[in-house]
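Presented sequentially are two complexes of chain A, the first with chain B as partner and the second with chain C.
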Partner chain A sequence: MKTKIKKKEKKYILLFIIPTLILYTLFIIYPLFSSLALSFYSWPGAGKPTFVGLRNFRMLFVGPFSKELFNAFFHNVYFFILTSLFELGIGFFIAVMLATKIKRISIFKTIIYIPNMIPIILVGFMWSLFLNPQIGFVNQLLRAIGLKNLAKPWLGDPNLALTVIILVNVWRSIGFYVLVLLAAIQNIPLDLIEAAYMDGASNWQLIRKVIFPLTLPTFRTLLILLFIWSFNTFELIYAMVGVQAGPFRSTDVLGTLFYRTAFGGLGSAVVDMGLGAAVTVFIFCIVMPLSILYVVYKEKRESER
Partner chain B sequence: MKLQMIVGIVLAVVVVGVAAEVTIWSWRSWDIPVWPKVEAALKAAGYDITIKYEVFAPTEYDAKMALALRTGTGPDLVYARRLPDVRTSSMIDAGLYLPIDGLVDLSHFPETVLKYITYTDGRIYGVPFAVQVIGIFYNKRIYEQFGLKEPETWDELVANAEILKAHGIVPFFIPGKEGWTLAMQHAMCGVSVLGPEWICKLINGEVNFLDPRFTDLNRRLNELKVYYQDGFLANSVTDMNAAFAFEQAAMVFYGIWEYKQTWKKLNPELEVGYFMVPPLTRDQKPYAYVYMDGAITLTSNAKNVEAALKVLQFCATPEFGTIFASETWNIPAVLGASLPEDPLLQEILDVYHNHASPCVYWVGSVFVSQRPSLYDDVLSPGMQAMYAGKISPEDLSKMAQDAISQWYPPLMKKD
Partner chain C sequence: MLLCLYAFNVFMPFLMMIFNSFKTVRDLFLYPFSFPLRPETNNFIEAWKRARLANGYKNSLIVSLSTLVSVIALTSMFAYAISKHEFCLRRLLFSYIMLGLALPARLAVVPLFLLLNSLGLTDTLFGLIILFTAINLPFSIFILKNFMDTIPNELIEAAKIDGGSPFQIYRKIILPLCKPAISIVGIVTFVNVWNDFFFPLIFINDKSKAPVTLGISIFFGEYGNEWPLLFAALTLAMMPSLVLYAFLSRQLIAGMTQGAIK
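The block that comes next holds the complex of A and B.
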């Protein structure tokens, strides 16, 4: 139900919106279109950009970079699937457990959120020390309890490195999802829960049939956020294995590919901001449609209420 | 208000006129102690110049410096990367780096070093500051303990490693997590095992990467990995420096730059020896991979060009080389400098003068001037893959040939 806005009020509304709109245009809209434009040029960072048309995209999708691009893309998808499963899945169960009225449960709420407060670069650095194959505490612990064969070179094994990094990400981020899901669970009216118990529901049935369906909207929002963050991930991989995304590009994601193409790696390889811009356009084309879809979906649901 | 303005302007003029300030940007934190000494030397010669030296992380330096120079907020002098390199050539094309031949006396530099900072227009765009020498560094005490000698052939190197391994010593510590060190390892072995003549033929297109000798080197390196530390694919250069300095490993494939400021700092008792990677047979000569690290370049942003040129002219003298070497224990590019009385440094200097390979395929070579580059895109990830058992030595050769034949004309013909 739209309320009628008086003409005078309209003027004030505009006045309040304009400063933010200007900042938004300057720092978000303009760079967005500027990047899109740049992806059609070749530019080593100094001098004038040269127009190359679709060459950057051709190099990325069918040319010398196609293998790296799709390798990175599938790693992002893997990242998203695993983080959703762990951060939302396990997060949900932890949230359910925290939603009880056990004494001093709030201590656990704080504990689970502490890793989230550590800057992500520090988390990466810390864990790369923990995972050091010779002196890291993970391997030392494994050797001490007799599991010597499991003491692997975690960040050096192309089959394990990405999964290990994702697990570190889960360790760091799960607190956020637990707290958000906890808030959603605590929003469920108590009478519904009581009614379910009175109807003879077991705890498991309560979770499956009452709590989970009622927190589904929150799940959807978090899933979208997780999707966007998974495709933008960069810092943890940079901190743990570096921008070359070793070993053998097995931890490469679109974020590290972008950094390498735009700013170059350690070697005297070609630096081309236009190529990097093309990578970002690719990321944008993946993330944007889903976000739009979500907003449309939400608007539809709001108007249905 | 007006009075304050006048006083301000007068002060500014006085300050600018009395002491000229020259700012230098770089990625080398090792050089920080060098510049106060340079400033002192200039002042002693009667030039009132203050030098402000700023360091940035090597991975951010290029982007930061390029941005600052383009917007006119950059320093007077910068450390420039060697040529060929698109970062350097694009700065020259944009007029942000200025040529200095004719303005600075470069007679103390050998031609082989100057070519790394001479552009296609024939002009020289900086004063080279250091030369890097890479090879195998070893722990002398461990070698003596097991009666080992510096190997003269590849098989002797493997035999040394075998003896060490049998006695529970880590023969080689390899930072496998950092792909660039593996590319460096391949390159330093290549100049001896493949030899400069073969590499020159590669550059001319007379042989290509599918040549059995290249694959043979890949195979030899792959077979060497049994002598690396357990879990070597997950170790970084920091781990290697610590392990080598604290005598947990006998040999490393590395460069002279960590010698004083890292290894000796961690363990002053450490005795380090050096030898070039041995060739396959005794009748071949060993060679070392030597490359110019970078040059100090005059920028278009220089506010006080005269003072900046004075600094550059000083950097082209043997006196600068002596200061540079005494602080960093790196080899200065300028000839005639006197180096610290360290036997290892003297040995490295001799290697630079007499055993540098004339043809190379890693940094400073044609193969890294475009993408996919032999360094970043082939050897760095490829060596990791081979060591991890994901690709074979033949696959690595194929990878190199596929990549370079995409853009390097002499290797583009079908074989």
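The block that comes next holds the complex of A and C.
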């Protein structure tokens, strides 16, 4: 039975609610709408913003920026696909291994999450040093084991750079996915697994026909998160190749494109906050539907508890 | 069969750790794999000074802790009000806040910059704190409200009969009971704020106000080719995160995966 509100209580409740509401509305809700509004203006930093209607969007989608925009967009897509494959694919298998009852397995659990703890920007810098063609251990290792031809300028090659960055991302983030998948796997009732073994299932069959289907809902949630994060990626690219997203924009993503257009940097043709806002509107439209889906899932699950 | 693959599992973070220790070598070219014969501890001292790490730590700590405290204070009150009191806007308010979970704050960074600018808060730690607090409100409210919903109302009824004001009830009953949820929120918020780079990048220009993440980035820009120093600085910068993890790994993992597990 819930309590009814008395007048004095009402005052307290208002006190409890209002500061949070103000902060939230002012710094989260308002800026998002303002961003949308701003995307219809042109504002090169100095002076006042001028209304330009849909010009920003035209410039982005069919005008001079469209090449860069879609280049970045497809890089984000590539990022998402590759990251999902590796992090969920390899992650799943690691999770399965961790779910077995081998002694002291939990040590690995702790270990695999370590890279997740380090700020992404530091991970990026660290690997940019490791991948340095001269002093980085990657190339030195390759040379040492005789694969000299493979010792390339990893971040300097337009064809390799993005993939390499994605691999670093996998290195850093896989722990999260492993742990979530592990929890999902451990939720499977033991009787099911025992029954499967008694029916003569091999390990591989067990994974394919029992574990994997039962963890599919978790995959779904993780994919959504991965999608959102893939389109928001920025720090890693910044740390490893800089905001210019070299070489030759081969690692450009929407995040770096946005930063260049809104705040500038060497070699960006235009610095226009309105244009930058338009880029964020674009990202927003891509990410928002899935974000909402995610929150809806979360709510549903909480209410099922 | 599976055992050999565990080696790789361990390989990854250890790779990070082993090779971080390279930092003390002057001639990385000559001794790529072995631990240095004459460890150059001077690198650490140099890096500490030049990367302004003391400053960076101080700033990161101030921002992270302040955000943590504000978030917990504000959201616990808000969650308590929403969870335990009936009024018509209750559900609406909650959904309103949940909207924030889906909205990535980064996308609004241009208006945020303009907003903080007009308030005179760009390039200040206080501005960062306010910003990070706002960003972390929805998640915290989500966790706390759901947790509070499980607190039996009888306890609160009893306290009310004993004549407690809502504020007293909040302080003496709700807060102690919510410790597990609060610790999750605290840890997640702290780590997220400490690790952030994007917002400090945009809002902070004064090097003396840079948190560690931004500080290292600046350092890398300034000392591009002095590898030993760079490695040393990275090691030092990563230390707090690793130490924190060493002490709180269980809670950390629990907190960070909250978003995806049930």
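In the analysis below, the second predicted complex is superposed on the first by the 259 of 305 C-alpha atoms of A that agree within 3 Å, B and C clash if a C-alpha of one lies under 4 Å from a C-alpha of the other, contacts with A are read in each partner's own complex, and residues count from 1 in each chain.
The rule is short, and it goes like this: contacts are C-beta pairs under 8 Å (C-beta built on N, C-alpha and C of every residue); 3 or more make two chains touch, one makes a residue touch a chain.
Everything numeric in this text was worked out from a predicted model, so none of it was measured.
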item	value
A:285 touches, of chain B and chain C: first, second, both or neither?	neither
Partner chain(s) touched by A:44 [first = chain B, second = chain C, both, neither]	first
Contacts of A:263 with chain B and chain C, given as first, second, both or neither	both
Per-residue touch tally on chain A - higher for chain B or for chain C	C
Touched partner set for A:24, first chain B, second chain C, both or neither	second
First, second, both or neither for A:134, with chain B first and chain C second	both
Touched partner set for A:190, first chain B, second chain C, both or neither	neither
First (chain B), second (chain C), both or neither touched by A:122	second
Touching partner for A:248 - first (chain B), second (chain C), both, neither	first
Doubly contacted chain A residues - partners chain C and chain B	132, 134, 263
Complex contacts: residues of chain C adjacent to chain A	1-3, 5-6, 9-10, 12-14, 16, 19-20, 22, 28-29, 32-33, 74-75, 77-78, 80-82, 84-87, 93, 97-112, 114-115, 130-131, 133-135, 137-138, 141-142, 146, 153, 156-157, 160, 165-167, 170, 191, 194-198, 201-202, 212-213, 216-217, 220, 227, 230-231, 234, 237-238, 241-242, 244-245, 249, 252-253, 256-257, 259-262
Footprint of chain A on chain B - complex, ascending	58-59, 62-63, 66-67, 69-70, 81-82, 84-87, 90-91, 93-94, 96, 176-180, 183, 229-236, 239, 363, 368-373, 375-377, 380-382, 384-385, 388, 390, 403, 406
Chain B contact footprint on chain A (complex, rising order)	44-48, 64, 128, 131-134, 139, 151-158, 241-244, 246-249, 260, 263-271
Chain C contact footprint on chain A (complex, rising order)	1-5, 8-9, 12-13, 15-17, 19-21, 23-24, 26-32, 34-35, 38, 93-94, 97, 100, 102, 108-122, 125-126, 129-130, 132, 134-135, 137, 140-141, 144, 171, 176, 179-180, 183-184, 203, 218, 221-222, 225, 228, 232, 234-235, 238-239, 255, 262-263, 273, 276-277, 280-281, 283-284, 287-288, 291-292, 294-295, 298-299, 301-302, 305
